[in-house]
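In this document, chain identifiers A, B, C and D correspond to the written order of the chains, with residue numbering beginning at 1 in each.
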Amino acid sequence: MQAKVYVTPKAGVLDPAGKATERALHSLGFVGVHDVRLGRYITMEIDGDPADVTARVDDMCRQLLANGVIEDYRFELAESSEQ
Amino acid sequence: MRRPRPGAGSRVMRCGVVSFPGSLDDADTVHALTDVLGFEGVPLWHKDRDLHGVDWILLPGGFSYGDYLRSGALARFAPVMDTVIEFARSGGLVMGLCNGFQVLCEAGLLPGALVRNRSMMFVCDAVHLRVERNDTPFTGACEPGERLVLPIKHGEGCYVADDATLRRIEENGQVVVRYVDANGETTDAANPNGSLNNIAGVVNDAGNVFGMMPHAEHACEGLSGLRDGAKFFRSVDSWLKNGGRA
Amino acid sequence: MSYEPVDEQTALAHGLTKEEFAELCRGIGRVPNLVELGIASVMWSEHCSYKSSRAVLRDLPTEGPQVLQGPGENAGAVAIGDGLAAVFKIESHNHPSYIEPYQGAATGVGGIMRDVFTMGARPIANMNSLRFGSFDHPRTRYLVSGVVAGIGGYGNCVGVPTVGGEIYFDRGYNGNILVNAFTLGIVREDGIFRAEASGVGNPVLYVGSKTGRDGIHGASLLASSEFDDETEEKRPTVQVGDPFTEKLLIEACLELMEKDAIVAIQDMGAAGLTSSSVEMADRGQVGIRIDLDRVPKREARITPYEIMLSESQERMLIVARAGSEHVVQEVFQKWDLDAAVIGEVTDDRMLRVLAEGEEVVAMPIDPLANGAPVYERHFAPPAKLADQQRLSLGDVPPPGDYDRTLKQLLGSPNIASRRWVYQQYDQFVGGNTMVRPGSDAAVVRVKGTNKALAMSVDCNSRYCQLDPYVGAMTAVVESARNVVCAGAEPIGVTDCLNFGNPEKPEIMWQFREAIKGIRDACGALGLPVVSGNVSFYNETDGRAIPPTPTIAMVGLIEDVRHQCTQWFENDGDLVVLLGRTREELGGTEYLATIHGIEKGTPPWMDLAVEKAVQRVCLRAIREDLLVSAHDVSEGGLAVALAECCISGPGKPLGAEIDLEASIRPDAWLFGESQSRILVSLRSKQLTRLRELAADNEVPLSVLGTVRGSRLRAGRLIDADVQELRDLWSNALGDLMEGH
Amino acid sequence: MQAKVYVTPKAGVLDPAGKATERALHSLGFVGVHDVRLGRYITMEIDGDPADVTARVDDMCRQLLANGVIEDYRFELAESSEQ
């Protein structure tokens, strides 16, 4: 299966990279842009059936892919047909 | 905090320096400890769980495992870290510099996290620090409020934590060093990476685990005119030799 | 993939000329198939074969008693005593950096480091030389920030400090930036490795990253042709660097080299597996057979053609001693890296490549490695040169406000502090940095000895544009002077010769003149050129860059106690100038920035005088007479004085300077007469310094005193040094942010 | 409106971060995971109507958020109610 994992800075936690990106967008003339937040987008292929894969991806996120102190995560699974 | 046996006396203290793949300052740290500071620096390999009887542990700078996902995130799972975590939990002294600080935060041994500098650029410079506390094992040789000049070199050194954590560590006095200007003020201009409250280094609740972004190990010999880093190591040496007193 | 003989059309599409293709067929005794053509075309590309430059390069002095390895290997090596050698080289990565600045620059740094540790040396310092277009060009900021971040991103992550460099802005580089990377390493004299395959039957091992489709045809199509509208289409998959793997590769290779298991080693740089296997076999006068099925691959469907031409990064080719394959594999396993036996050394002097059991390449090594034609290209001075050199000083009005002029210069892109750049580089890692970027030369100690090495990289391309002979000489002597100002004796040179299209006579003329300049300057100073790199075809839409023969100099400090930095240190010290100031303004930064004139002839160069000035300075530092020493270069005496006041780590110091009025004041303040060093010293040392100067017939003038918090020069300049520092320190960062 | 931008390494281009993450997942015992690719996930709020915002976000991606030489991007727009 294919998993898509989205890791985002927790609301309320400082996101300097997001701020810097917002500043850069403004200086390029993109006005009216705000609340820019920078996260990670991780895709992977995993062998197994949906229930099992769900549990494992959740484990991966908690153990490694996201830092629970400052980040949230969510993920989606799909059949990996596009591959 | 674990008290070393009294009368460790004049024995040469042994410091374990962990090498992860991608550690960079590990050899420099062993050199500073052994050839300059009067310790014995003991290299610890990331695949080895044995601490070889060291008195304390240092996690050096670098880009462990390339630091590709998040700095420090992958190193935390190295076999040696299980033992380091156990050592820390039982009160042993652990210090993390730069990447070592990041690893300690990722491992949950220190509060907060380190993220991209607000400039989005790597920054290397000699900066002023203010020592907020000298009653820790790591700063006993400093005066309270003393100003030091130390090198920094990092791309992800912006210290962040949620509001509750930040309030708690400030109230507990866990902030040990802050970035200041030449006059000792915590100005925004003196903050090289955007860290909350100009925080450069913190200790854990128990006071035996310490991490900071500046590189004490590169400021021991007076090269490039920098020598204040030696104070952190001298502090640890006295603390260990005095049976756990600063 | 067909293994049929190719037609001439295909050969032309690979960048060969008709004549070259005919010559190739003659050399290998038949018409090549496509894989063979791919291999031959990269081996015969300008980048790999030096076909336009080889004849001219023979002029360079490359020998000396200290030289352990001159040009021809992966890097040069010079003995520094204590049984140790300094190994160094500079290399260009211009075109890739223009296409993808971050990765282009990063992989440039990775490549040059591999050249150095391949020799068995541990890299201990990096430098870089950069050229960009002017700030009013829309791509400049993007390119600068990408290149600088890429250099840092790679160097910082492998643990080699970046301790110096240079960066200049000139619209001549608008369409063609330069990124030259330098690495210095240290090795035991008896531990130098060479890339010379030997021992028939010895196994050939592939180590490092897996092979992907990266950078196919980088050497032949990208580095050996001009940019034009079609470049987009020729664009190969961009090479992406993995510094983490490089760090592991460094440690693994250096560990392996301690074990007496390997015969030869070479990195897979330009033209990857092809050039490394052909060159190693050629140096050892043997043959080589490799089996592509055993090459570690990143992608499943990759053809023999692509594997042979891939420029995937962080890979090395090793010839091991028969029976010691397991030693290699154990070491690489320890560092979590791939190591695969992919072939063996043979005695037939052929390159044989197998894929799926079929022999897809069978070509004699010699014509591949040495058969490319050597061109004696036509040369002639550019038609507009005489006009460019004509400058009548009568038409240049002296500035009304000298304070303002000084401030304008200190805030201009080519003179402002480079801090914004080098702040992005780890300058400390390795624990040997004694003088960081910001002084004339960087100084790095040699651990375990009492010695240190100083290094600098220099080239004033405006001088080279106006007179490539004098300009190249000046690059050599300025670089040497910078190293001398740190207290080091220059011991060796590496050069990176960046020019336009060598098929144009005026470019070839610039190239030949520059080589003569380097030859004469090195000859006079007794310096060998031990390694280097030629980068031609730096052109866009037919416009060539200014000739840029970049020189990197390495110097030896015998005793670390005797070294020097450029900034003033004590109130009350005397300020003294060694050397003579002439009324020269041609080619200066002052003329360009203040008056918008880029004409005239570059400053006069007398090599004997230069040598004497350097000798006096070095002696004085070794006798501990000097507190500071600073080379006078772009911006002249006024800028040099200001830098002495404001570039130190402590509070800025002022100075009171008398004005010597025998020449035009703007020439005295801002002229760039060569062979001058600005020093400061305790007044009690003056007598001895005078003696040294007199013995060597070097002009010496006491200019004034370090004092207070203002820089005053006669009645023309009176400025607060803190203000000067703020202006100078922030200018480049402000320019980058678009202020 | 809210924009979600996904930036991913182009197919065939080396992705050292993905490679390192994959190796780490394996060493944590997550077998059967492959083709891990690491990208960026950027969210932002933008003033304007859909057509206009689409054009601007596309511009932002080309100019700043993605590096066209080695990265692909795509984005989605939504009304920013969740905010």
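Observations, loosely collected:
One rule holds in what follows: a contact is a pair of C-beta atoms (placed from the backbone, for glycine too) under 8 Å apart; a residue touches a chain by one contact, two chains touch by 3 or more.
Computed from a prediction, not measured in an experiment: that's the story for all the values here.
Common neighbours of chain C and chain D (chains touching each): B.
The interface with the greater count of contacting C-beta pairs, when A-B is set against B-C, is B-C. Rounded to a whole number, the gap between the C-alpha centres of chain A and chain B is 30 angstrom. The geometric centre of chain A is 9 Å away from that of chain D, both derived from CA atoms.
Per-chain Cα centroids separate chain A from chain C by 41 Å. Look at where the CA atoms of chain B average out and do the same for chain C: the two points lie 36 Å apart.
For chain A, the set of residues that touch two or more other chains comprises 21, 40, 64-65. Within chain B, contacts with two or more other chains are made by residues 65-66, 68-69, 73-74, 77. Shown for chain C are the residues that touch two or more other chains, namely 242, 244-245, 336.
Taken as a graph of touching chains, this assembly has some other topology, since it is neither a line, a ring, a star nor fully connected. Chain pairs recorded as touching, per the definition above, are A-B, A-D, B-C, B-D, C-D. Interface residues of chain A, counted against chain B in their complex, comprise 10, 12-17, 19-21, 40, 64-65, 67, 69-70. Residue ranges of chain C in contact with chain D, taken from their complex: 99-100, 102-103, 209, 212-214, 237-242, 244-245, 298-299, 312-313, 336.
Listing the residues of chain B that touch chain A in their complex gives 69-70, 73-74, 77, 105-106, 111-113, 115-120, 158, 160-163, 165, 193-194, 196. The touching residues of chain D, counted against chain B in their complex, run 16-17, 20-21, 24, 27-28, 38.
Only residues 6-8, 18, 21-22, 24-25, 28, 30, 32-48, 56, 59-60, 63-65, 83 of chain A touch chain D when the two sit together in their complex.
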